[in-house]
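Next, two complexes with subunit A in common: one pairs it with subunit B, the other with subunit C.
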Partner chain A sequence: MEKKGAITLKNINKYYGKNHVLKDLDFEIRPGEFLSLLGPSGCGKTTILRLIAGLEYLDSGEIYMDEDRIDRLEPYKRNLNTVFQNYALFPHMDVYKNIAYGLKAKWLGHKEIDRRVKEAISMVKLEGFEKRQPSQMSGGQKQRVSIARAIVNQAPVLLLDEPLTALDLKLRKEMRFELRRLQKQLGITFIFVTHDQEEAIVMSDRIAVMNGGRIEQVGTPEEIYSHPASQFVAEFIGETNVFEAVAAVDGSELRLRMESGTASALNIKGVSDNEFVNCSVRPDAIRLSETPVEGFNIPGVVSECIFSGSFEKAIIRLVNDKEIKYTRLSGSKIPEPGTKVYVYWDKCDAEIMKTEGHIVHSQIEEVDLSAWNN
Partner chain B sequence: MKIKSKYSPGTRKFLQYGLILPLVLWLFMFLIVPYVNLLINSFWKNGAFKVEHTFTLENYIKFFTSGTGTNRPVMVLLDTLRISAIVMVCSILISFPIAYFINFKVKKNKQLFYMLAIIPLWVSYIMRAYSWRIILGTNGILNSFFMWTGLTKEPIDAFLYSDVSVIIAMVHIYTPFVLMPMYTAMEQIPRNLLEASKDLGCGRIRTFFKVLLPLTLPGVLTGGTYALALSMGDFLAPSLLGGASTSTKIANIAQLQFGTSNNWPYGAAIGVIIFVLILLIILVMGRLEKHFSKLEPGKE
Partner chain C sequence: MSKKFSGSTVLVIILAVCGFLFLYLPVVVVVMYSFNTDAISSFPMSGFTLKWYKAMFANTELIKSLRNSLIVAFIGTGLAILIGVPGAYGMYKLKFPGKKALEKMVILPMMLPGIITGITILSFLQLVGVVQGAFAVVLGHTTFLLGTVLPQVYTRLRQLDRNLLEASQDLGAGGAQTFFHVILPNIKTSVFGAALLSITLSLDEIPVTFFLNGVFTTLPIKIYGMTRNGFTPEINAICSLILLASVAAVIISNKLSAKEAV
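Now for the complex of A and B:
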């Protein structure tokens, strides 16, 4: 039988006491993909993982693995394995016994167990550590053991609960690639929980961005980075500048009226006249000019320049005292602090998001920029 | 780099040794001196009216050779060991489910349940021992209950003044000592180890024997040692609840030598023998515990 490993969540609701932690969650994880659940702490991402693993029970909804409903099954009857955040290695067993634990539970033969344990050990590059106790190992080594212990069972789905957070930065970065390599090699579904957006972007086939018990957006890292579906996603994935604006349609383009001036963007999402929108522009997409550019009139003053390794950052203060971020590769010319500049961007770099409108939007009026333009 | 102390070398020396002095004195006065005294006394000769200070081994020889049948002190010692072992096993069997229940089944007020379980410690020993006389006696609660239900027509004497009543009382008295280390050991097991076990395909029972039990074992051994050592030296429960001759325990014989029999050197010799035996037990248990706790969690 070919193993698949699709997970389908239907109408999931979960409460902790009166706390509604997952709200009508509905989404699908494709077989063989590397999916990251990304979100700030407390957004419910670990809860999803624990629900799939069977370590928590649903309040309502259904979970399917391929065609089988699994949400009522005990954890030990589900054909999936978990890599726990703090490794959760059995301290009274050595590395070999830890890894063999799941196989012994399946009553496999001695030779089969031995073969598979050795295979798993070589996959995570821990040859020679078989007789070590977990207490004699470093964090990175323990993490490898816990990964080996999970993959040795050859389940079609692997759940990973922030497995890299306890490691130091350098090791974390190495492990990212190793996990990715392992996933490709095994061809099984990885569901990876993290709050580190960089980690998610580097490793995943798809990312599900979560906030407050809901999924804000599911998509490839590129989609999520370049076309965030909401302001939350835009701000959570990488840095961004958000402009609140009132839109006016002009052919295939939008003219944006903002507190800090006027700007333009492409009208891809079918925004109509006088609709409230948020316009998100990444710091690396911001352009500066000494004279106003056609379609734009956003004057500002460079207030600060920060050198940060391979990047140079600048903060630009706009007329409404809002500060926006601007980054360039080091070496390119960045204006001195105090320089008067005009902000603009390539029309296709601006991401327009429809919004219900906040107080800011209703207060946007035609700004008098005459004092600035002189 | 040397850190300059604000104290002069003399003061530092005083602080180093001076502050530990009260503790050393305390241990010396109330632990070392009595034990050495006991040891020395066990080698004196018991004279007609007073202890003669001449070296002899006859107290020890007497212990191993005197008496006949079950009355031989050696046999009493072994019998005491047997009773203590039963007490230990029973205490462990009672404590384990309690510790498990409080740790894993109680969601709220864990501390309260724990306190309730060890509250007997705050009741005086004599009270606890005597209360069993009220329960087990001929006109006691247990017999009254049986007669009320019609299960028996006559009160059963066997409850009281037998090894059974001694064991029941000692189990009751020493169970909290077993429960405490066991509870602590269980409490320190990271919950995600149990989750990991289930995740890897092990059901409740396998998880219990493969993960929970091995990791609780150091606590079980510590508690077991308490129960064994304490009940070995207990002479009150046997004399209050035990039968006339059958339930005489080694501690009773020792106590007798300092009272009615007035043979202090012999009593001291018995004391030394009990002391050495318990020391051996603690050593063995300590070894075992070390073996298992080498594998204990929480070292990460």
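Now for the complex of A and C:
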């Protein structure tokens, strides 16, 4: 039997009382991919997972698994399994019985159950723990049991609800790679809910960034990091500097007029003259020079240098008192605090985002830079 | 190391001792007199004897009422468990409007004076045509025992991680499988504890029984009747035995609840 495991969400709406938690969600999860639902708490990511699992009811919309509509099915009739955040192991059963539970519920034969439970136990490296009670195990071990209990059923889709948050940092980092390995080994769809952007970037084939009940952007970790579709995504994934600007079209480029000076970027998104935009530049894409670079005039002063392990960070104060972040690998030369610098960037490193209807600054005035240039 | 008590500490200790004596001295006296050779309750005791226990066992009417009481207690408790446990589970599992109000209403029978419960059950049973007697008493006891079983089991269920229920469904288990393999094993001691408590409550119940019994006599009603024709030490003897059984049941019930709450 061919394993598929595509999940399609069509026009999903969900309310908790008057609270509209998911808004017209349309979204497809491809078979066999590791997809992360990433967002701040309360953005609706866990609700999506619970809707797919059947633990919540939809207010409107449809959910499909491959070609079959599943949103009206009881949870126990859906061919998918969930790894819960708090593990939810059955406290009155030992490890073996916990893992065998799903197979017993399907009335499989003893031999088949035994073979598959042992296989699952070895997959999560818990050999020798069969007779342990959950209360005698550490968080990481319980986590493995809950994963084994889910994958033993060989469903084509596995839902994981922030499974690593309860673990300590070191274990969390190890488990990231183990989960990734397991997913590749099983070849099934993983839908992974997390609020940890680093976790999502390291593990996922694709990430869906969520905010306020909507999906802001879906893409590979690389796409999301390098080409954030909105200011929210840019700020949520890694650090960034956002400049509010008025655009002027100049051929294939944009000239940006900002409170802190002028700058340039590529016009990929079809911005028109006098449109208000946000320009996002990652701290590692910020460049500094001693004299203005063509197309840029953003003077500033280095106000602080911070050493943080493999990176050095600097804070640069601009003329409008806005502070921006600048990072370099340790060892490269960073200007001393107090140095006057000109900020610029490679035009393709700037992400231009249209500000959707709301204009943050109604007027961005031309700043008199003459005092700084002397 | 010398201990010094302040005036207020001494006062608290004295009050505590008084309270304790007030609660338990009568109980001690009853047990003591059940072994007294003298038929008249008097102190000091004139000697030690077991004859009142012998007399008690020879009193066929008393033993019959004890048997009636046990029958009512066990059937009533059994029915209360059979209705109360699934009822509590339904309240726990389902979300419905008015759930909060229902949670408060189910403990009402426990709070209501027995006389109110007795009269309401009596008028209801008359309405549906059940005559006073053994059957009516069993129904009455079942009703008020539900008020103890349901809240106790419900409280235990609410301590249960809701994800266990969801995990079971997620792993492909239907409602009955989930109930018998995941829920029941995790609440079984509180069910047993509720049953023990119900049996003890049923055994010493007077007001509800009084309205419903007709000629069917339970032990507390029999004892009540016996005291009106003069207090015999047999009553002390049977009270001591009931006391022993009740204390044992309560201790077991508490131990079980404490064990499961971990």
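The definition used in the following text is that the second predicted complex is superposed on the first by the 368 of 374 C-alpha atoms of A that agree within 3 Å, B and C clash if a C-alpha of one lies under 4 Å from a C-alpha of the other, contacts with A are read in each partner's own complex, and residues count from 1 in each chain.
Keep this in mind: a residue touches a chain if its C-beta (ideal position, glycine included) is under 8 Å from a C-beta of that chain, and two chains touch if they have at least 3 such contacts.
Bear in mind the structure is a predicted one, so any value in this text is a computation, not a measurement.
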Quiz item: Superposed on subunit A, are subunit B and subunit C clashing or fitting side by side?
Solution: clash
Self-check item: Touched partner set for A:133, first subunit B, second subunit C, both or neither
Solution: first
Quiz item: Which holds for A:141: it touches subunit B only (first), subunit C only (second), both, or neither?
Solution: neither
Quiz item: Between subunit B (first) and subunit C (second), which does A:264 come into contact with in this model arrangement: first, second, both, or neither?
Solution: neither
Quiz prompt | Partner chain in contact with A:90 - subunit B first, subunit C second, else both or neither | solution = both
Quiz item: Which partner reaches more residues of subunit A, subunit B or subunit C?
Solution: B
Practice problem: Considering only touches as defined above, state whether A:297 meets subunit B (first), subunit C (second), both or neither. | Solution: neither
Quiz item: Do subunit B and subunit C touch any of the same residues on subunit A, and if so, which?
Solution: 53-55, 74-76, 81-82, 84, 86, 88, 90-92, 101-102, 105-106, 149-150, 153
Exercise. Could you pull out which subunit C residues touch subunit A in their complex?
Key: 161, 163-164, 166-174, 177, 181-182, 185-186
Quiz prompt | Complex contacts: residues of subunit A adjacent to subunit B | solution = 53-55, 74-76, 81-82, 84-93, 101-102, 105-106, 133-135, 142, 149-150, 153
Exercise. Spell out the part of subunit A that touches subunit C in their complex, as residue ranges.
Key: 53-55, 74-76, 81-82, 84, 86, 88, 90-92, 101-102, 105-106, 149-150, 153
Exercise. Over in the complex, which subunit B residues touch subunit A? Could you list them?
Key: 190, 192-193, 195-203, 206, 210-211, 214-215, 292, 294-300
